[in-house]
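Both complexes shown next keep chain A, but they swap its partner, so chain B is in the first and chain C is in the second.
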Partner chain A sequence: MQWFVILKKEILENWRNFKWVWVPIVFIIFAVMDPLTTYYLPKIMDAVGGVPEGSIIDIPMPGAVEAMMMSFGELSLLGVLITVVIAMGVISGEMKSGVYELIMSKPVKYSNYITAKFASVVLLILLSLILALITGWYYVLILFGDIAFTALLTSIAFYGCYFLLIIGIVLMVNTWVQSPGVVAFLSIIFIIALNALTSIYGHIFTWSPALLSDYIQVYLASGELVSEIWYSALVALLFTYLCLQFAILTLKNRAV
Partner chain B sequence: MIDQQLLLMLLPLIILQSILLIVAIIDLIRIQQTNGPKWVWALIIILINIIGPILYFIIGRRP
Partner chain C sequence: MALLDANHLTKTYKNVNAIQDVSFSLEHGKCVALLGPNGSGKTTTLRMLAGFIKPTSGDIAFDQDSLTKDFRNFVGYLPQFPVFHNWMTGKEFLIYVGQLAKLSKDEAIKRADELLELVNLKEVRKLKISKYSGGMKQRLGIAQALIHAPKLIILDEPASALDPIGRREVLNLMRELKKDATILFSTHILNDAEEVSDEILLLNEGHIIEQGSMHELESVQNTVTLKLAFSEEPKFIEDRLKEIESVFKVNQIDKDYLLTVHDLQTARKQLLEVVYQENWQLTKFEVAKTSLEDLFMKAVKK
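Here is the complex of A and B:
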């Protein structure tokens, strides 16, 4: 099938780019770094010295949930950044180099093209995310305390929706401009706007996808899935779908 | 004091980081042309911890 051919080609390309090697590793390092340094900060300060004699530094040890949220937080920041950088050239790069015209000279459906590209990025990012959060969870388990593995898996499922939305946004912007750098810039502006609007009007937009990690924290702490988390995830998926449809539309209009 | 436990905790990270570094170096040797002089990228990959190889993969490889 056409769709699988494009997907396979993308996966192969990601393999040749070593993206399948470095993206999971980088995500894992991001997820592990924060809980680890927080736990060992007192010891590191002891070893490095420079602390005046007799001064008592009392750094409160965070609980398991807080430590786990550090992993999530780090990925929300740096993970999103890496995601944008990876997805920025998927279509715009091909348009720039002329590969896009080459592909489109064959009877390739626009919807197949976009969704296969989307699937290839999603596959890479979600697998990295799962690996990273499970590693982070493992460290939290050893250093801070217990979090149920099923709770973690549920959190990852909801958290993945947020990343789907981000990949959707970047792919949509990909069809507008041909320069990968501009794509990254515009996408980041979109994502920052989403987060800023949510933090200002968060009490009104309780379904905003940017609040997903907040709801995940509530879930991990209380073990209860609030109804808003479902709405947020649904809205994230809906927006992703709209972004992809819009991207397909843009490509159709371009060709004419 | 930095004890054995800390070293054991850091070991997986150190291994991952070395994989990152080795993959970047192998790719740098095999690739025909980079975005900028090759020896600069070699220095960046080796000298800057973790971020060096990431920068190389994102910027250094010619698209």
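Here is the complex of A and C:
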């Protein structure tokens, strides 16, 4: 099937340029960085010295949930950035180089093309996210305290929806301009706008996908899935779908 | 019935007509050259037939009831500057596009092997495309256009950017392909068109100004150019040349005299008689080939 052919080619390409290796590693580093440094900071300061004699430094140890949220926090920032960088050229790069013309001279369906590209990025990013958060969770477990593994998996499932939306946005922007750099720039503007609007009008946009990590924190702390987390996830999925539809429409109406 | 009928195609970009009222039909098994200077609308026409751009007005009909269907199923297209996934090998790329064109994996592999053999890339099939030379890429481009055995092969300037050897290879290949497919290719090199095509469409500023076989085109022009040169310039030569009845125009470029004549047979006879009588020291007597420029000048002026 054509869709699988494109997906397989994307997976192979990501393999040959080592994305399957470095993206998970980078994500794992992001996820463990904060919990580890927070835990070892007092010991590091002791070892390095330089603190005046007699001064008492009291750094409160965060709880398990707070430590886990540090992992999520880093990924929300740097993980999103890496995702944008990975996805910025998947279509615009092919248009810019001119391969797109050759590919589209074959009877390739635009919907297959877009959704297969989407799937390939989603596979890579979700796998990296899962590996990273499980590693982060492992360190939280041994350094800070207990979080149930099932709770972690539930959190990852909701958190993944946010990343689907990010990838959807970048793919949509991919069909507008032919320069990967401009795609990254416009996508980041979109994501910043989404987050800014959410933090200003958070009380109105309680269903905003940008609030997903806040709701995850509530869930990890209380064990309760508030109804807003469902709405946010649904809205994220809906917007992702709309982004993809819009991208397909743009490609269809665009002269190759 | 013709394989393809293009009816009154017009494409307008911001009030500028890239092509205007272009109509032609392609017969099965013919090799047709689309000839014209840069910017005459060749690429626009070809991309339209390949389904990339929609005409502003007019329509294209394949002999299948295919107005509704996707053109791309029947058409193989080679862009002017083909670009590939350079991280793939030549064979991988062919299999990939073969599968995109709805061949099964086994069919695609089999077809890729055949085509690599045909375009003489068998030795480098396992090499990354980034290592290919310009000529190899052009041949790979032709192979990918053929992968789904299209009824119509569209080649945009297949030989123009190549060195003489590469050009020769591509022209030989096209002669091979002519045997079982319809080919439409664009070029601005008259010799290429002359060599492989059965028919010519002459395009200028978005209009078709002539169409027909090469032979027809030349006879339509109705005149031939002769080139003469002498070791020492005879006196009154221009006047004397103009007196010959079959010569109707004399031009001088450097030491060459260019004579425009109507009928080659009589003109040659009369000219040589004069040369003999006057005892002119003739060093060059050449029947100049109709160059693209001449053809154009004549066609445009008409």
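Rule of thumb we're sticking to: the second predicted complex is superposed on the first by the 255 of 256 C-alpha atoms of A that agree within 3 Å, B and C clash if a C-alpha of one lies under 4 Å from a C-alpha of the other, contacts with A are read in each partner's own complex, and residues count from 1 in each chain.
Please note the rule applied: a contact is a pair of C-beta atoms (placed from the backbone, for glycine too) under 8 Å apart; a residue touches a chain by one contact, two chains touch by 3 or more.
All values derive from a computational prediction rather than experimental measurement.
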item: Partner chain in contact with A:180 - chain B first, chain C second, else both or neither; value: first
item: Touching partner for A:105 - first (chain B), second (chain C), both, neither; value: second
item: Chain B versus chain C as contact partner of A:93, first or second or both or neither; value: first
item: Which of chain B and chain C A:36 touches, first, second, both or neither; value: first
item: Chain A: partner with more touched residues, chain B or chain C; value: B
item: Which of chain B and chain C A:6 touches, first, second, both or neither; value: second
item: First (chain B), second (chain C), both or neither touched by A:26; value: first
item: Set intersection of chain A contacts, chain C complex versus chain B complex; value: 17, 97
item: Contacting residues of chain A [partner chain B, same complex]; value: 17-19, 21-22, 25-26, 28-29, 32-33, 36, 40, 43-44, 46-47, 82, 85, 89, 93, 97, 135, 139, 142-143, 180
item: Interfacial residue positions of chain B with respect to chain A in the complex; value: 1-3, 6, 9-10, 12-13, 16-17, 19-20, 23-24, 27, 50, 53-54, 57-58, 61, 63
item: Residues of chain A that touch chain C when the two form their complex; value: 2, 5-6, 9, 13, 16-17, 97-99, 101-108, 255-256
item: Complex contacts: residues of chain C adjacent to chain A; value: 47, 50-54, 70, 72-73, 75-77, 79, 81-85, 87, 96-97, 99-102, 141, 144-145, 148
